[in-house]
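Data first, discussion second: the structure below is written as structure tokens.
Chains: A, B, C, D, E and F, in written order; residue numbering restarts at 1 for each.
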Amino acid sequence: MSDKNRLELFREKRAEQNKKVMDLDHLGIKRFFNMDTNTYRDGALSTQTKELLGLVASSVLRCNDCIDYHLEQCAKAGSTKAEIVDALNVALIVGGSIVIPHLRHAADTLDFLEEEGTLKTD
Amino acid sequence: MSDKNRLELFREKRAEQNKKVMDLDHLGIKRFFNMDTNTYRDGALSTQTKELLGLVASSVLRCNDCIDYHLEQCAKAGSTKAEIVDALNVALIVGGSIVIPHLRHAADTLDFLEEEGTLKTD
Amino acid sequence: MSDKNRLELFREKRAEQNKKVMDLDHLGIKRFFNMDTNTYRDGALSTQTKELLGLVASSVLRCNDCIDYHLEQCAKAGSTKAEIVDALNVALIVGGSIVIPHLRHAADTLDFLEEEGTLKTD
Amino acid sequence: MSDKNRLELFREKRAEQNKKVMDLDHLGIKRFFNMDTNTYRDGALSTQTKELLGLVASSVLRCNDCIDYHLEQCAKAGSTKAEIVDALNVALIVGGSIVIPHLRHAADTLDFLEEEGTLKTD
Amino acid sequence: MSDKNRLELFREKRAEQNKKVMDLDHLGIKRFFNMDTNTYRDGALSTQTKELLGLVASSVLRCNDCIDYHLEQCAKAGSTKAEIVDALNVALIVGGSIVIPHLRHAADTLDFLEEEGTLKTD
Amino acid sequence: MSDKNRLELFREKRAEQNKKVMDLDHLGIKRFFNMDTNTYRDGALSTQTKELLGLVASSVLRCNDCIDYHLEQCAKAGSTKAEIVDALNVALIVGGSIVIPHLRHAADTLDFLEEEGTLKTD
């Protein structure tokens, strides 16, 4: 049994499966992945703001893997826990109570990020 | 390894994560949770009918955690197994075959509720 | 210019287009339409309750045409305006603020049904 | 008042608004549009099959403008009316009765395409 | 025939129908509307950022009325056209080509806002 | 601990839960399951094409269980790996980056099918 926590296991599986997707060797898929990465680069809006947009989009569309990814990126881009939670509240209002299980999941992931010391809490 | 069944483990995790959500300490989120609870109180429609509405909404939006929650509440509010299944059939027709995996999940949860003796079966 | 109101025009267009769907002459589609109609017949749950379920499902999935259809059927099955509005509130909480434009549409349709005298208001 | 039918008016508005999107002059958006076009080119699957895939995806996601676009492309790529209707039936089963208003819309658009002589009917 | 443009007509209809929703006189619905308004007030995140979040959420959930509302609020909160377009690009990547018709609609609405002089363009 | 892989465990659970759904003994649900099976029979379109349609519909609606089922059926109906991947690319473009976790899942399932020797790879 692994000593890794849920978030670490997710990162491993994600990396391994991303490799499998690349190995499918489809030009359109590779281009999409490349474009996806570029989307969050600094532009008219900063990476920090765009990662919050990605988080809210992922939350209202209710995808836990996408939520975990964008939570990590939000923390990395410098958003504080309070800012991230305020963004999740927008997702909850727009998306309704069906978002609640994903809000629970996000609260759990925020705990892991806080333990790792990668999340600003003030 | 725990002796608890899937439904019992879900309840534990749900309670623990709901606590984490409350600990995020966001006024908007707390108000939403409060409003959510109030929605299913007896009003022009009874709690029993409103829990069936919540179950069907959760089913067509395809959220297993929400389905489990509303199945429990439906049983508690006095709906029989046959009534709950008739509601799930409406969700299946409105939402289509993409709902089937969630119907399978619901059938499984109904078994747990029946074993616990919390579901009326006639 | 027609003297018909929005709801009357919708009914006309709906009937005309349903005919076109039948004229596509596909056995699977015809069977689905037949099954759809049967779903709301009295069973373990009454037609009245099932139409409320159909209304909430249509609202969280955000389909105005389906909302109009089920509002008519709810009124016909004997639900009062207050009961229908209480069901729409469940849809609003589950589905979030993205449901609001459809709630506005429903409020408008309820006015037409009230004018026609087909909606019980007490 | 225009003599143009609904489909012709849609094409005009679509072309005009696509120009407005290009005029937003955002590199990411332009690249996405380019990639979108390339997706339906002959590859491991033919354009004809991929347009049917695009039609079914648009139908279960319930977007009339996308349905109209892919119906046109399906006809252009050589699918017969019967094949298109068989694809729409898959969308109806997967997506459920909430797809019905879009099936009505599609039946209407197929009539326009048949009148124009761009749809193979046997 | 009215001289008002699409956006002005939308505002009128929206105000009129919001009044109808309030006249339904349901406490839960009124509370939800109140909470919805409060969500976008300055908090850990500014109103300006939260309106961009609302815009992206509305775009991936594909609701034109919500998009128009949040575009107005984004302009009012001081976001420039380039910032708004960069946010819409995030929505396009997360939500896919099914978002394109709504991107077209947004480009059209941005033109109306620019004509009115309520949108910062540099 | 079982020696079965993820796909084998899914098949077992799926069969077991389908039995539970049948045991609910609801005529409407049974008819829906029957109709669902018939939908993919050869008709104006071949089973092979219709399974690709089912796969894309499942992918844009983001249901892993449905994706696994249709991947199996696609392989069984004779589609090659390259054709299946080309179909998944259409789903990615239509559905956006929110589909990526499901694309990862599909890449993983394709590996299992290849190991089993049930997937044509040229």
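As a convention for this text, a contact is a pair of C-beta atoms (placed from the backbone, for glycine too) under 8 Å apart; a residue touches a chain by one contact, two chains touch by 3 or more.
Each chain and its UniProt protein: A, B, C, D, E, F = Carboxymuconolactone decarboxylase family protein.
What you see is a predicted model; the values in this text were computed from it and never measured.
Any chain that touches chain B and also touches chain C is listed here: A, D, E, F. A centroid comparison over C-alpha atoms places A as the chain most distant from chain C.
For B-C, the equivalent interface within A-F, E-F or A-E is the one where over half of the contact pairs agree by residue number, namely A-E.
The chain pair C-E and the chain pair A-D differ in C-beta contact count, and the higher one is C-E. A centroid comparison over C-alpha atoms places E as the chain most distant from chain F. Over half of the residue numbers at the chain B-chain D interface are used by both copies of the sequence.
In this assembly, the C-alpha centroid of chain B lies 32 Å from the C-alpha centroid of chain E. We define each chain's centre as the mean of its Cα atoms; on that basis chain B and chain F are separated by 27 Å.
Taking each chain's centre as the mean of its C-alpha atoms, chain D lies 24 Å from chain F. Listed for chain D are residues 28, 32, 35-36, 39, 43, 57-58, 60-61, 66, 85-86, 89, 92-95, 97-98, each touching two or more other chains.
Of all the residues in chain C, the ones that touch chain A in their complex are 60, 92-99.
Taken in their complex, chain A has these residues touching chain B: 62, 85-86, 88-89, 92-93, 97-98, 100-101, 103-105, 107-108, 110-111.
Interface residues of chain F facing chain D in the complex, by the touch rule stated above, are 35-36, 39-40, 43-45, 49-50, 52-54, 56-58, 60-61, 66, 80, 82-83, 85-87, 89-91, 93-95. Partner chain A is touched in their complex by these residues of chain B: 14, 17-18, 20-21, 23-24, 26, 28-29, 32-33, 36, 57-58, 61, 63, 65-66. The touching residues of chain D, counted against chain A in their complex, run 28, 31-32, 35, 38-39, 43.
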